[in-house]
Every structure is written in C-alpha cells, then in structure tokens.
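Following this line, the structures themselves.
Next, two complexes with chain A in common: one pairs it with chain B, the other with chain C.
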Partner chain A sequence: MGQVLRAIVEPGFFASGLVQRAALIGALVAVVAACVGVFTVLRGQSFAGEALGDIGAAGGSSAYLAGVAPLWGFVAIAVAAAGAIELIGVRHARAAFRDLATGIVLGFGFGLAALFLYLGTIEQSTSGEPVTILFGDVFLLDSSLLPLVAGFGAVALALVLVLYRPLLLASVSGELAAARGLPVRALGALYLLALALAVALAAVTIGAILSTALLVGPAATALQLTRRPSHAIAAAAALGVAAVWLGILAAWDSYYWPPLHHGWPVSFFVVTFVLIGYIGARLWSRRSGGG
Partner chain B sequence: MPQAAGAPVILGVDDVSVRLGGRTVLDRVGFTLRAGEFTGLIGSNGAGKTTLFRVILGLQAVSSGRVTGTGERGEVGYVPQKFQLDPDMPLRGRDLVGLGLDGHRLGLPLPSRSRRARVQELVEAVGAGAFADARVGRLSGGEQQRILIAHALASRPRLLLLDEPLANLDLRSAQEVVRLLAQIAAEQRIAILISAHEMNPLLPVMDRIVYLADGRAATGTAHEVIRSDVLSALYGHHVDVLRVHGRVLVVAGAGHDEHPFEAAGSDHDTVEIV
Partner chain C sequence: MFSGFMTNAWIVASVVAAVGGAVGFFVVLRGSAFVAHAVPGGSFAGAAAALLAGINTLIGLAAFSAGGALGIGLLGRRGRHDVATALALVFMLGLGALLLSFTAQDAPALESLLFGEVLGIGANQLAPTLALAAGCMAALALLWRPLLLASVLPDSASARGLAPFAVELAFLLLVAAVTTMTVPVVGTTLIFSVMIGPPAAARAFTVRPGVAVALSVAIALAVVWAAIALSFQTNWPVGFFVGSGSACAYTLSRGWTWAQSRRRRG
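What follows is the complex of A and B.
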C-alpha cells in the first residue's frame, strides 16, 4: 500500500517549489472560477464564458507579442469583450443571430491570436509560448504572477459573494428581481466583470481554449450533487481545487511515462479530472433519483 | 364582499394611459384596490394586462394619469407568469422563499433561527411543506405557484399581483390556488389583483373585476361589469353574455360576422372577441 502510494506521490513531490507554486496559484484560480462558474451555469451563460476565453486568446497572444505577462492581455481583452457583450445585449438577442454574431467575432479573435502568435514566434524565436497561451501550463507560471492572480481573483470573488443574494434572485428570474426594485441590468454587468476576470485567470492557468472547463465543469458537477445554491458553490470550489491538484500530480508522474522524460501537459489532466467528476456526478445523481 | 367597501384603499390607478411606439396600450384605465379585496383583471392576450402590471410595479412609465398608494420596496408582491427553471437548478422552494425575505440584501444569507422560522411559516401558509425541500425546477405548475406566492408574501406586501397564475394549471390545481389566494386576502387583509384570460375559475371569489379590452377598462362588481350593454360598449360592437350552469360565456352577438358559434364551441368557457 505504502509502495503504491509512493509510486503515485513521488517523494519530493510536495517539497518541489514548482509544485508548491503551481498548486497555490492553481487552487486560487480554481476557487474563483468555480464560484463565478456556479452563477454562469445558473444564468445559462456558459456560452459567454466560452466566448470570453476564446477571444482572450487574442489578448494573451498580443501581450506575449508586446513582451508583457499574458495575464494582463487576458484580463484586458476579456473585460473589454464583456463590456461589448453587455452593450450588444447578447443575452436578449435572438438566439440564431447571437450565435452567428458570436461565431464571427470568435473567429476574428482566433485570427488575431494566430497573427500575434506568428509575429511573436518570428521575433522571439521561441516556439513553446503559443501552445502555452492556447493550452496553458501551470508549471510555467512565474511567482511574480501570484499577487496579480490573488488580486484579480479577490475582485471576482468579492463581486459574486457581496452580490450573492440579489445576483441569485436575478439569475433565477429577472422578473422577480425587477419587481423587487433590484437593478437587474447593473447586476448582470457586474457579474460579467467577475466572469471576465475568472475566465482570464482560468485562461492563464489551463489555457485560453480550455478555460471554460475550469469555469463551468466543477459548477455543473456540483449542481448534480446538491440542491442548495450555497452548497453548490462550496462543492464546486472543492471539486475545482481537486481537479487542479490531481492534474498537477498526474502531470508530475507523467514524466516517467512515454515519451520518457517529457511530462504530459497539466491542462490535459485537469480537464480530464473535471470530465471524470462530471460523469461520475451524473451517474450518481441518476442512481439516487436526482436528489 | 361588501365589507371591503369601507376598507382602506391600497392602490389607486387614476386615468392611466400608456402609449408604446404610437400604439395606445392602456387608454384611461382607472380603479381602486382595497385591503382584503380580491380583484380579477380579465382580458384576452394583448388586452394590456401585463402592461398594467408593469405600471403598478413601477417598471413602465405612464403617458398620462398616475398610480397612487404604493412605492416602497416590498409593498407589492409579484408572481410572474413566465417562470421556467432548469430541473437541475440547485434551488429549493425554501431557498426561493428565503430570497423573498432578503433577496435585495447584499452578501450571503447568514443562517439564523428566526429566518428559518419565518421561511417555514411562509411555506406552511401556502401549504408547501411537503415539497419545499425539492428543487423548484422539478415541481409541478401548481406547486411552483405556491412557492412563488410564499416568495411574494415574504416581504409582507399590502398588494399581491399575480400574472395569469392559472394559465398552465389543470382545473383542480387552479381551484386550489384560487381558494388559497381568497383565504390569504381575507386573513391577511391584502389586496389581490390577479390577471386571467378566463374568468370562470375566479367568479366564486372575485369581489371586483377590471375587464380590459383593447386597452380600455370596465370596472365594478362582476354583476355590474359582466353585462351585455357594458361589454358591448367596451368592445365597440354588440356582445351577448350567456350564463350557462353558473358559467359565463361572452360571445359576439348574432349577425356579427366574427363567427361567434365557432368561437363559442371552443374549449374556453369565456369566449373573447377581439
């Protein structure tokens, strides 16, 4: 038993500064993404989260081109895109038109990302960065990012926790919230800001393309497990942290898997654990009659 | 209920007109609601019922006229018509009732014995004890109505507005909800305004009726309003009021070219002619 455990958790794993830093930043991001993500799922806006992550690729890559930390690019463009979404009123537009418009804007976002990444590769003659922008690598996060991640994360978390009750009511029914005199539109806008920050943090951790997985994956899983909104948030946060930590452990171990001495990407393991959790929760909730 | 005539006025709708995009949606509508009074807002789809509710809730500006009597937060409880939740949404009926108590406050709800007790009291007042712990999205239409009524009552409103609460209910659930509302109006001295395109389920409990057609209203007791001359004047053409086995049918008069018998043969007890 001890031997098996030692084979999985290699001695030195916990002592590694690389692992400690990745685990800390990853956990912070997972908690923020999960708490915001529960509202994303409640509001049926996973689509907006996906859009912000995809457009964020252009931001991350332009920051890379400019020689700035990609997190700044992700945050700037995600917040700007959230503002655009709010102005256009994506939530209210006809679904068919909305999907078309988003598809075109997303395509353009990826086009920009392709351009910036290409130019960046020529200029800086590194080839790893584009992959990191799109798919992330929590091991490569610099420790100078920690205060930034903590700061942006605190803002996003504070928004959803301070606005918790009005936001929950507005997410359940805009009509009920409006009838109580709540500023439904302003709540939606502030929530989108929190979403933009959460997506940017998730993008820098597991990559722009995969950021939605960390945002809505743990949240969607939590919804299967509990009937209470506050419990769903706690469960989603725990599931998100678990997926990230298990992902880090698996990626560490994969150093000894083929191709030998080339670890597999952490992001792959994180989204895999998110998926396993989701499928498990669905099976469990179906068997137990849905709670 | 004649005793309601002396009860305090809760809401005054005074000659209210609303014009939207050049169209007159409400045309000099006026009535008052008194404490403990059960009023039916009757009219077909597009008659202006929802616009009138939005005016009372302060969500729609009037073009002329005014609404008096309400204005403080929580004075008007509201049950919307469209309420569809995902069955997986992690929200118990009890949680939705709790949001009626303090949904406008910031932060997470701190667990307290008094809050729990008040939520339980509201849940029991609408007979929702058996299903208050299930996800709201998985409740039946009638059960959801009860939870929404408890949500609306949580702020101790003086006026309760319900937008077509019977529209998607089977006959038995509709009768139960109507009975519950009449009981709430009488016991809690709340004015209730309930909109419906079908008046018959409400006839046994309605103290007063506001009959809307094309944005104009006829108001009074059912006997004062549901009359051929009053409704003919409101519709602008002749209609007959038929009373069959205690039910009321409103049909276009003979000779009118709007296929009255086809309409009268439909499933609806009240036939609306537009």
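What follows is the complex of A and C.
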C-alpha cells in the first residue's frame, strides 16, 4: 500500500514550496471560476468566456512588454473586451447574434495578441514567454500574485453572490425576469464583469487560451449531476479544485515519464481531467436519468 | 512587394480569402461563430503533432480538424452545444501544448502556427492549397441549397427529409477543410477573422444570399490584400492586420446600417 502510494505521489511532492503555492493559487482560481462558470453554462455564454480568455492573451503579452505582472494585463483587457462585446451585441436577444459580436471582438483581440507577442519576442528576445502566456504554467506563479488573485477572486465571487437570485432568474428565463421588473441588461453587464475577472484568473493559472476549461468544464459537469443551482455551484467548485490538484500531481510525476524527462505541461493534465469528468458525467446522467 | 517570394503569398492569400469569405457566409447565417473558432483552434494540435512526427503539416491539420469537427458534432448532439465546443477546443489546445513541449522548438513554431506566416509561403505549398480550395468551392456549390434551406428554415428542411444532424456534420467538415487549407497561411486563429468579419459586414448591405457571398468574398479579399501590404511594409504579423481589418469592415457596415435606418426614419 505504502509503495503504491509512493509510486503515485513522488517523494518530496507535499514538501515542495512550489507545489504548495501552485496548489493554493490553483484552488482559489478553480473555486472562483467554477462559481462564475455555473452561470456561464446556464446562460449559454461559453463562447464569451472563451473569447475573453483568448483576448486576454493580448493583455498578458502587453503587460509583459510594459514590465508589470501579466495578471493586470489579463484583467484590464478582459474587462475592456467584455464592455465591447456588451456594446456590440446588446441589442440582439438571439444567441447567434451575441456570438457574432463576440466573434468580431475576438478576431480583433487575437490580432492584438499576435502583435504584442511579436513585439515582445523581438524586443526581449526571450522565447518562452508567449508559451507561458498562452498555455500557462502554474509552477511559475509568483507568491506575490497571491493577494492579487485573492482580491480579484473575492470581487468576482461577491458580484455573483450579491446578484445570486436575480441573476439566476435572468439566466434561466430572461422574459420572466423582465416581466418582474428586474434590470436584465444591467444584470447581464455586471455578470460579464464577473466573468471577465474569473477568466483573467483562470488565464494566469492554466493559460489564456485554455482558461475556458476551468470556467465551463466543472460547471457543466456539475449541472449534469444535479439540477439545483446551489448544489451545482458547490459540486463545480469541488470538481474544479480536484482537476487542478490532480493536474499538479500528474505534472509533478510526469517528470519521470518519457520522452524527454522534463515534465509535461500542467495545463494539459488539468484540461484532460476536466474533459474526462464531463464525458463521464454525461454518460452517467444518460444512464440514470435520460434512459 | 510583388516580386519573387511574394508572388506565392499573394496567390495563396487571395485564394484563402475567397474561400474563407464564401464559407463564412454560412458560418454567420447559422450563427456558428464559436465552431468556426474552435475547429481551427483545435487543429493546432494536429500541426504540433505533424511537427513532432516530422510529417507534412497539412496531413496533421486535416486529421485533427476533421476529428475535432466530428467530436464537436457528436458531443453537441444532445446537451449544450457551446459547452461541448468549448471543451473539445481546450482539450485539443492542451494536447497541442503537450506535443509542442516534446519538440525542441518552442516559440517561433508556436507563433507561426497560431498567427500564420503569409510572407514565408513556399512554392511547394501552392498546389495543395489550390487543390483544397477547389474542393471546398465544389463542396460549397453542392451543399448550397440544402445548407441554405437548413440554415434559414430548419423546420421546413427536416419536413423535406433533410436530416439536420447530417447537414450540420457536412457543414462542420467543410469548415474543417477550409481550416486545413488556411491554417498554414493565416494561422489557426486568424482564419476565424476572415470567416466572421467580412460575411457579417456583407449581410448588412444585402439580404440576397448570392450577392452577400460575392460581397463577402470581395471584402475578404480587400482586407487580406491590405493586410499583406501593411505587413510587408511594417514587418508586423499579418494576423494583426487581418483581425483589425475585419473588425473595421464590420464596424463600417454597422455604421452604414445605422445611417440607413436614420435616413428612413427622418
């Protein structure tokens, strides 16, 4: 038993400061992303989340150019992009047009990312940075980020908790919410702000273009397992933390795996565990409920 | 700017813009912006796999974009389509990151896969691109009526015996083919700009499908040509100019619509 355990958890895993820091920040981010993500799934806004993450790459790379922590760039540009999506797409109630607005902003944002990454590469001539911004590396996170992550995460969580009941109603049935006199548009805009913050946090942790995994994956999995939103949020948070921790463990172990003995990317494992969880939940719910 | 190695760039980019603009009409009509983003994004893993295995990039791209398209189609068949698309996309991107970490070369390869390098197109890339483009256009012509019907009037299409799922799969595979053709040129992410901005702009000017496709192709060509010229002058990545050009075209078209509605009212 002890040997099996030692084979799974390589020696020094829990003692490493690197792992402890990664696990702490990763868990914080996973909880925030999962709570916000339940509403993303209910509202059908996965594409907006994906787009905000991708555009965040422009922010991360420009922050790198300016010499500040990438998180600031992620947050600034994600909030700006959320505003642009809201402005362009707001008149159209149909999801297809909202997607179109998101797409236009995304195309422009990715163009910017291409430019900043290029400028960064020629100016600093260090080539690892684009990879870190796009695909993340939770082991490279600085401990000075912790207060920032906690602060932005608290704002996003507070927004969702304060708006919980009206937001839930507006997400499930916009017409019913409007009939009750709820400010549906303002709710949507505030929610987009929380989404932008959550995406920026996820982007720092598992990379700009993979951030949707933490946002949507655990939430969608949880919504397959339970229909009650409050249960789904709790389950999503637990699933998200599990995916991040398992990812960190697997990445730590992968140091001894072929082919190169230099460690597989953490983000790959996180994304894979998230997808496995979702497919498993889909199969489970089909057998038990849909049957 | 028009001599030597640039000739290939002009030819290939024009072909890509024309096909992207045409197929993009259906992307916008069907509201499939997310899929049009996800299939090229996911194909990035294929390019990384080809790089690792040392085979032709086109083969890896074709395999992974077709696989991604099928995965999105199957996963999204029941349940929430956007969640399935998002998870399929991030998994393929993560896989691409893993495969890329196995190859020695990191950042330059990554950036050219994601954002494209239109100025570095060799003569040997010309033939496959042209063949794929011809195939895409032929498929588009064949699918034109069923796709149009299924996109605009889904109910009446299924009443006439068109299976919506089959049409959706055919459409996804078409997007995959366009992806395979365009990714080496404009990169996984920027083909998306060509497939979204110009068609969306074109639809502001006309409601007739044929005219809209023609207009969309024209706008796409204008955007891509301007992008190449500017990229050649400034040495900045071509993706930046394609992305901002598409957004500009769309903004202008929205301005036009707005002005029209004001004139009609006042």
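Everything that follows uses one rule, which is that the second predicted complex is superposed on the first by the 271 of 291 C-alpha atoms of A that agree within 3 Å, B and C clash if a C-alpha of one lies under 4 Å from a C-alpha of the other, contacts with A are read in each partner's own complex, and residues count from 1 in each chain.
In this section, contacts are C-beta pairs under 8 Å (C-beta built on N, C-alpha and C of every residue); 3 or more make two chains touch, one makes a residue touch a chain.
What you see is a predicted model; the values in this text were computed from it and never measured.
Using the contact criterion defined above for the overlaid structures, shared-chain residue A:Arg180 touches chain B, although it does not reach chain C. When the two complexes are overlaid on their common chain A, residue A:Ala213 makes contact with chain C while staying clear of chain B. Within the superposed three-chain model, A:Thr205 lies out of touch with both chain B and chain C [touch as defined at top]. Among chain B and chain C, the chain that touches a larger number of residues in chain A is C.
Look at A:Arg165: by the touch rule set out above, it reaches chain B but stays clear of chain C. Within chain A, the residues touching chain B in one complex and chain C in the other are 44, 224. Against chain A, the residues of chain C that register as touching in their complex are 28, 30-34, 36-37, 41, 75, 78-80, 82-83, 85-91, 93-95, 97-98, 100-102, 106-108, 110-111, 114-115, 187, 189-190, 192-193, 196-197, 200, 236-237, 239-244, 246-247, 250, 254.
Contact residues on chain A toward chain B in their complex (touch as defined above): 42, 44, 161-166, 168-169, 172-173, 175-182, 222-224, 226-232, 290-291.
Residues 41, 44-47, 49-51, 54, 88, 94-97, 99-100, 102-112, 114-115, 117-118, 121, 127-131, 134-135, 207, 209-210, 212-213, 216-217, 220, 224, 259-260, 262, 264-265, 267-268, 270-272, 274-275, 278-279, 282, 286 of chain A are the ones touching chain C in the complex. Contacts from chain B toward chain A in the complex involve residues 57-59, 73-74, 76, 78, 80, 82-83, 85-92, 95-96, 99, 102-109, 133-135, 138, 151, 155.
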